[in-house]
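Shared between the two complexes below is subunit A, which has subunit B as its partner in the first and subunit C in the second.
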Partner chain A sequence: MIHFKIPLLSFIFITFIKCVSPQNDFFDEELMLKPLPSNHVYAYFQFTTVWETTKDATTFMKCVIKYKYSIIQHSHLFPRGLGEIISRHNVDELHLTLTKGLWHYQKWGYPYHDAGPGAEITTWFHKDVKNVDDEWKGLTNALAGLFCASLNFVNPANSISPEYTFRPTGVVDRSAGVVDSVNSSHLRYSSLPREIVCTENLTPFKKLLPCDSKKGLATLLNSAYIHNTNYHSIGIHFRVICSNTICTKTSLELRQSVSLIYDTVTDVSQDWSIRKFFGMGIRGACPLATLSNIYIDISSNNTNQIYELVPSPSAKIVSLRGGQLNEIAVYDIRSHSSKGIFNIQVLYNTTHTAGLNYPSILYANRYIIGYGQERGSLVTKIYNNYWQTLDIILLESIPWYLPRYLPGKERKSPYYLELILRLPPQSVTKFSIEMDYSFLKWQEYPPDANHGFYMGPAIITALLPIARNYTPLPLDGSTITSSFNASREGYLVQLRTESLLISLPTPDFSMPYNVICLACTAVALAFGPLHNISTKRLVLKRVEMDWKEKLLSFLMKKIVKSKKKQE
Partner chain B sequence: MKKQWLSNFVLAGIIRFLLMNSEYQKVISDRVEVSTALNSWKRVTEGVYLYNCGIDPYTGDLFHETPIGLYVFNFIQQHLSQWILFCLFVFTDLLTAVFLGLTAKQYATELVSKQKVEEKLCNENKETHNDASIVYTSMMYVSAGYLFNPYIILNCVGHTTTVFTNLLYSIALVSMTRSIFWNCLSISLLTLQGLYPVSLIMPAIIYITHSNSINRKRNIINYVIVFASIITTLFGISYYIMGSWSFLWSTLGFILTVPDLRPNVGLYWYFFTEVFEHFRWLFIASFQINVSLLYIVPLALRLRHDPMLLAFSYLAVTAIFKSYPCIGDVGFYMSLLPLWKHLFQYTQQGFIVGCFISANANFYFGVTLAFAIAQIFLLTDILFASVKHEFAVRHGINKDISGNTAKLLLE
Partner chain C sequence: MKSGRPRCVTCTYRCPRKRERVRNRTHRDRDPSATMLCATNNITYPSWCHIVKDACVTGFVLETRHAGPCNAYDTSPFYIEEDNTSSNYGVDLADEDTRFEESLSYNGQTHRSLALSCAWEVCIIPDNFAKTGHSNNWAVLVDTSRFWFNYRHVANVLSIYRSVKRLGIPDSQIILMIADDMACNPRNPRPATVFNNIKQHINVYGDDVEVDYRGYEVTVENFVRLLTGRLAPETPRSKKLLTDEGSNILIYLTGHGGNGFLKFQDSEEITSKELGDALEQMWQKRRYHEILFIVDTCQASSMYEKFYSPNILAVASSLVGEDSLSHHLDPAIGVYIIDRYTYYALDFLEKVEPSSSKTLGEFLKVCPKHYCLSTVGVRKDLFRRDPDKVPVTDFFGSLRPIELTTSIINVLSPVKTNKTKAIEPERKYSYVAQFPDMNPFSTLIVIFTLCTLSFTKLNEEYVQVYQIELNELKKMKQEPPEDPAINSFATEPPPLLPLCTSTGYFRDSFNCKKFYHCQHAKAIPMGYYCKANLVFNPHTLSCDNPQYVIC
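== the complex of A and B ==
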């Protein structure tokens, strides 16, 4: 213990010095344009900030706590607002995506970052955090403010800590001596499928960039254009990475991503260009950026020249990755923009060509069956197109108001199920859960209750053996460049299925008073007679009649008598 | 006579078997009137499965049986095949009917002897009844009332655990005068499972005070000690099975705080769906006091001469006002109605009750409301009739005071 403490103290001392030392960070901006076989174009922006701090994550946090955010005060390229939130809540890793639309894995392949519809947030807290739920609440509220998103609706009732689906992608501190110090109790995942993503989320997102949206690729992010796409997703991905191969030094990595799918099928001409997609050309690189590149995947163009690029690219790269051969045209913005604003155009020679689609080897969809508002079934179908078995992890997360038959607690925590499955080759696996729709209290229904309730996606995690249609960066890479020629043993994907809209039975919101009155009447109907019976006694009482009743009974007697006489 | 008795049982068993093997079984067991969160067999199956997987079934929102129940059902599900399971449900129901018949026999005998004493007191020479036939019909009617009660048949076909609860109820009733141990055991098991039946110790104690033995006080203390020790032991066993007290929140807590708002035949579900959040606890408290505490003492004082009627009214009040009632509870106390054949001449609301029970409304809450009100009328009518009967036995049914007509009034 003793010889452990001394280096730690000196470490803090060193880190304090380092905290105020000059910056050693860099910023890269990249744009990948990938024409898809379905005649869509996938545009992926990535803004990477890597900040090399010569310490591990623990001391970073300690430095921050002891010296009152001294690091953050001296942040250079790393966004300070986000940095403060991350350090205050002791976050090791953070993934936040805001998405509109559904990614079609079958047609579009695998995106750089998988994201479910609406808002989705995954966080690993540092293992020293005592009360994870409190930090989680604080973090989501702070991020809600930072991104103008309704992340403040994240609470324990819609957060889960699955064991297998999420693993840390960054450096894990193993100093505690435990072999597997990854503990899902410090993980929180939540999805808010109802969240609508719009300009108010994009503006704060752009403000996190060193050049804001004034210079560089971020000038292309005009909300009028990017919210017109078939699919758009913005993401924040923060983690701690190694800055050298033996991992004695670590860096903080922040990747800000924007994924867009443009539809070129519906247009008269198939030609597309930067100006057509984003409304303007590129004015120049961000002066703070080390790397400022645009890549265009021209693999579909290499056999027969069906389109040409204007202007011609600075370089061409051939990338062979996991059996997938891609040819990529590279534009260095710095060299091209020296002459002013420039535009990249793709001009087709032929009128229309349908691309050849190699379907993705793993995809899934999910839907609800059943009728009525009493019960239904949730069906997830998983397709394996590969010629070998695939091992997957299926995470079904079911909101608390859709019980049951799984551990979970109404109003407290959602139900979730993690299944590890081995899919047979060339197969469709169907998985269904029976559900009872529950009845909520009338104040728990959202406005417009008959619209229904959204249910977040299921997540399917797999390590694919081949990289067909695969784009994500390798775990050890930070920039798009690192994904070229990056053959690995397996390729991690985390598919999201559809989010679902479920209509729950709704009470009559207009009649709480009636119901309260009627039910209380029923209780009173029992209470009154029982009270009478048990407190009073029976007595015979002579019936006192007033003159009307006397007259009546007199007449009645007469009639009865006369009748009797007649008989 | 024995033939008729036996044929009733055979017929009732066949009806249950046929329905269980028909396609209606699934429909019936899915009905909210039959299966509630507390008694559904589906939940038992899932809970037992989780238990076998090593997951505490009480962490979820699904299982609300007692740990002892869990243990028993685990045994049943692991060792009994589908057919034997069906047989078990039917057999339990028939056994309940036997116990109810025995209860009726005993009560009718009691009633006849009481009447004789009263007749001697009044020195009236009425026509002598055939005592044996009175006892026999009472027994016959009660058992038939249970065997052919549609509510009970549906309850049995729907495979609810209320079938077993009803067996315990019938044991509690039949052992009230016979065995302190069995009575205490059955009431404690019922209390552990449903909380409200704890009120049944009241009639049992009254029975003890009615007995002619010299040391009544000692008997009462004896009873209370036996009951307390059995229920403590049962809680201990439950704790031993689960290894924690978490089950208390999922069983008794679930009953008391009413978190499940799915429809049933009771008054709670829609009320607590619509009630303002601010007043929720006020109303939960007042509803629970209404069902469990409010009527115990007044009714016990009033009906101290007729503990069986007291037990019946406790059962009825519970079946009407409990938080998750089902038609199995309703059917149980309704099958006891033939015991009060001698009160029927004093009842006044038979027609209203009949109309209300068969009433239909376009709104489910309306139906349940009407059903509850019908039961309330039935109960109060029987109790009024009993009071009138008491009066009539003392003063005759004559309603004249020196030639003028008079009215019976509660004052």
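== the complex of A and C ==
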């Protein structure tokens, strides 16, 4: 028993010392509320933990290999459960999203984090990892346990390592003598579009936060309200970032995000409030958070919609980014929550009015054409509304059961195609692939085979020249505040198209069909012999032999006779 | 896998010779033959462990035939399954592994006589035996039904989940298997909720549920692997039943079943024999102390008839030949909301507190025939204790072991940390370009297009790529995007003509060269185009050079 106690106590002791000494990590909680022209409201929560490890990323990883969990067990704000998995499997970068609903790029602009329907996971393993597939399997299984999601269904048959679509968003070592580590063989991407997202995924997500769901903005994440939205997506984004301006040291960054689209069109009044969306007001900031803010994008105010905010915000920020002007109201939760629970209301002066919608300059959709259950065609349409050409990367990933003559192997790996295209200005580009619907082995059909098979989205990556309807954070930013006034040369988007439901040729597993088959087989088996017996007669026939066979039989007789004689 | 019988992979059994010797010293008067076991190959082994070891080494499936040396008793090959001596077998095995530490109060003599009396008669259970000996509690709650119309089965399993969680079993010790998503099902008008009652008193889904196996993961194979602990090495901890010889396990199954089987996901089924074998394997691997097995399905009692392992109390919602019926319909969701047996079981469990003294005997009477409309079946013969003396919280609650120590441990002793103070070379990091540089690729695109086009000619059904040359584009007339609805069912056709909201000039949202004039609000706008090389400037309301306009 003592053997167990000493490490435990020493651990407590270490954490005790750590708590006294100043920490080198911080936690921010932010909520952005953005009324959209389509009378939806985009609510985006971001919980950011940045941990300045004294060691750079490579030593951190090496150290972890040597003494497992040696560093991660001293975590303070960084969730230890996730940290252990990350260090155990030597992960450099991890993006996991669990989404329900489809993001309408055209109506809603670009989200903070693009996410395809269902579960999506992208991982960069460290360059020292030898067997990436094994670590990938271990990682997805561990995450399946952590997030109560069926990520254990990720296997080589539905994972790809595309060359251009995904680049590491974290920093890489560029010091002298280090080989360029950006190699897509250490990248794995998989999408499980079938995955359902519900409370059981949100519960472990909230448990990763330093304040759990007891305090701060996370108290707003009530499952009944969150799952009653038009779109909801939770995400985990882990990467390594620079911790100083010259970038000689690194930090670990974990962004936990929740994206929600609320519908205010169907309501009688267009007014909305925190309490209406989340069921309760804000009780206070998480005491461990350094930044605890709510932002409301009020750019649409005083255009053709007039509304007022109650209570009035702590500050107003004007953000000019890539030709887009946004006015943002900032609420500091600490100063507002001193009198107890507080609620932010947006009260409209007019009845229902739609905002002006400037459609996003790039969007896409995808669908299946064709009839029958033998073959079909997959069509992706990409819309460029910009007045100049746009360069994009299109990643088409097709499950193995829709065979195509692309690199890929049945039951082993999916088919995928990466295209770098230059879209002409003001154009629609249509891209179609013909595919066969293969007939699976009977054990490969799921219990509800007639429901159909899901196919993950295509991903379109582009560097947009302007930031119209653009929200994502810049590459070097960690918090929502870093996206204000963040003009850059280009604005990266990774659009996801619809996931598709395909009905493959499915045998009839139902009972009547099987009974008919069995009865017919029985009849056929009975009928054959009966028919033979009643219509045919067995007659002995003399065997006619040619000279070779005669010779052979003669020799055989001789041999047999000689053997008999010897006996 | 189908049989659920042990098939050893690595033979790493270490049989407790040393402990046996110690025990023999303390109980000198004991007959050594009482610990002997006869296996199905008619060989006498010193303990069950040796049987398992031998089975592993030889590769044959060996099971305990009976206690004591071979040929001492009946030599019927189906001794254990046919005869009711499994309690004898249970007592003996229990003595072999777990009972020993706790059974210091009684001596070997009474024990042996007990073993013998159990072999032929109904057991007379001494009082000190009825004391609980478990050290932890686990729950395996399984809903095997997919599809919305089986909402009630999910409500059943979540009712039990709610109760065990409320009574103190932590989520880490509850394995919840739900074959389909009802809470966030598109047909559920109240997202993220599952109710047990039309009046919506109790949301059994709660706000912090953790489902360990869900959807397609709920299979017979996974269930049997979970019970027997034969999971893949990468299986996460939350999907493992990490029980030991001191674990009381509540196993609750609900779904559609028939005589001797329970369907999983409408596509496969577990038979009662397979389930019995899996439980026997658990017993042989010392994976439980006692099991409360509850099954709510049609002809439920057929599921426990083939059990032959000790220390199992089995409850079924209906007898063979009877259907288990649902409780009531909720017109708001259009399906039956819960089954009768579980409804009344939850009704009972809601009144139980972690400190209450309600017994299992009371729990077994929760649903009399005039409530359930089916007869609740109970199998007590494998269970060594009197259910009327066993608290409900032995299975539905959780016991947390607390160990008090009087020794003083010096917390301030120097702590050795693995600090590697290697001097790191100065490093330089940078972010990677998120988008490849296009210039080198332009040639590649052309080559690729040529290749593809040639392929297209070779094989007509190959991928079609339409490359439009930039030179040609300039000659082409620029047009607003084509309505995608012409060729497909697009999700969102762009509006071709905007509606006027007020009087004035407006730029087209797709085409900067195009603008509209609105005569009045809600009028149909007049469209105009700027001359070549000019775009409309919404600030000056005139056609302007592109460099002065944000487009």
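The working rule: the second predicted complex is superposed on the first by the 472 of 567 C-alpha atoms of A that agree within 3 Å, B and C clash if a C-alpha of one lies under 4 Å from a C-alpha of the other, contacts with A are read in each partner's own complex, and residues count from 1 in each chain.
Here, a residue touches a chain if its C-beta (ideal position, glycine included) is under 8 Å from a C-beta of that chain, and two chains touch if they have at least 3 such contacts.
This structure is a prediction, so every number in the text was calculated from the model and none was measured.
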{"item": "Greater residue coverage of subunit A in the superposed arrangement, subunit B or subunit C", "value": "C"}
{"item": "First (subunit B), second (subunit C), both or neither touched by A:A142", "value": "second"}
{"item": "Touching partner for A:L309 - first (subunit B), second (subunit C), both, neither", "value": "neither"}
{"item": "Partner chain in contact with A:L525 - subunit B first, subunit C second, else both or neither", "value": "first"}
{"item": "Contacts of A:I317 with subunit B and subunit C, given as first, second, both or neither", "value": "neither"}
{"item": "First, second, both or neither for A:P507, with subunit B first and subunit C second", "value": "first"}
{"item": "Touched partner set for A:L540, first subunit B, second subunit C, both or neither", "value": "first"}
{"item": "Partner chain in contact with A:P424 - subunit B first, subunit C second, else both or neither", "value": "second"}
{"item": "Overlap of the subunit B and subunit C footprints on subunit A, listed as residue numbers", "value": "405-406"}
{"item": "Complex interface listing, subunit B residues touching subunit A", "value": "30, 42-43, 46, 50, 55-57, 59-62, 259-263, 267, 269-277, 287, 290, 294-295, 298-299, 301-302, 317, 320-321, 365, 369, 372-373, 376-377, 379-380, 383-384, 387-388, 390-391, 395, 399, 401, 404-411"}
{"item": "Subunit C residues touching subunit A - in the complex, by the definition given at the top", "value": "146-147, 181, 183-184, 190-193, 205-212, 214-217, 232, 234-239, 265-268, 403, 405, 409, 411-412, 415, 417-418, 420, 422, 424-436, 438, 441-442, 444-445, 448, 459, 461-466, 468, 470, 473, 478-482, 484, 488-492, 494, 501-502, 509-513, 535, 546, 550-551"}
{"item": "Footprint of subunit B on subunit A - complex, ascending", "value": "374-375, 400, 403-411, 415, 436, 438-443, 507-508, 511-512, 515-516, 518-519, 522-523, 525-527, 529-543"}
{"item": "Subunit A residues touching subunit C - in the complex, by the definition given at the top", "value": "1-2, 5-6, 9-10, 13-14, 55-56, 58-59, 63, 67, 70, 100, 102, 104, 106-107, 137-138, 141-142, 144-146, 148, 150, 152-153, 164, 167-176, 178, 182, 194, 196-200, 203-204, 222-224, 226-228, 242, 247-248, 250, 304, 323, 356-359, 365, 367, 369, 379, 381, 383, 385-387, 389, 391, 393, 405-406, 417, 419-422, 424-434, 446-448, 461-463, 466, 475-476, 490, 492, 498, 509"}
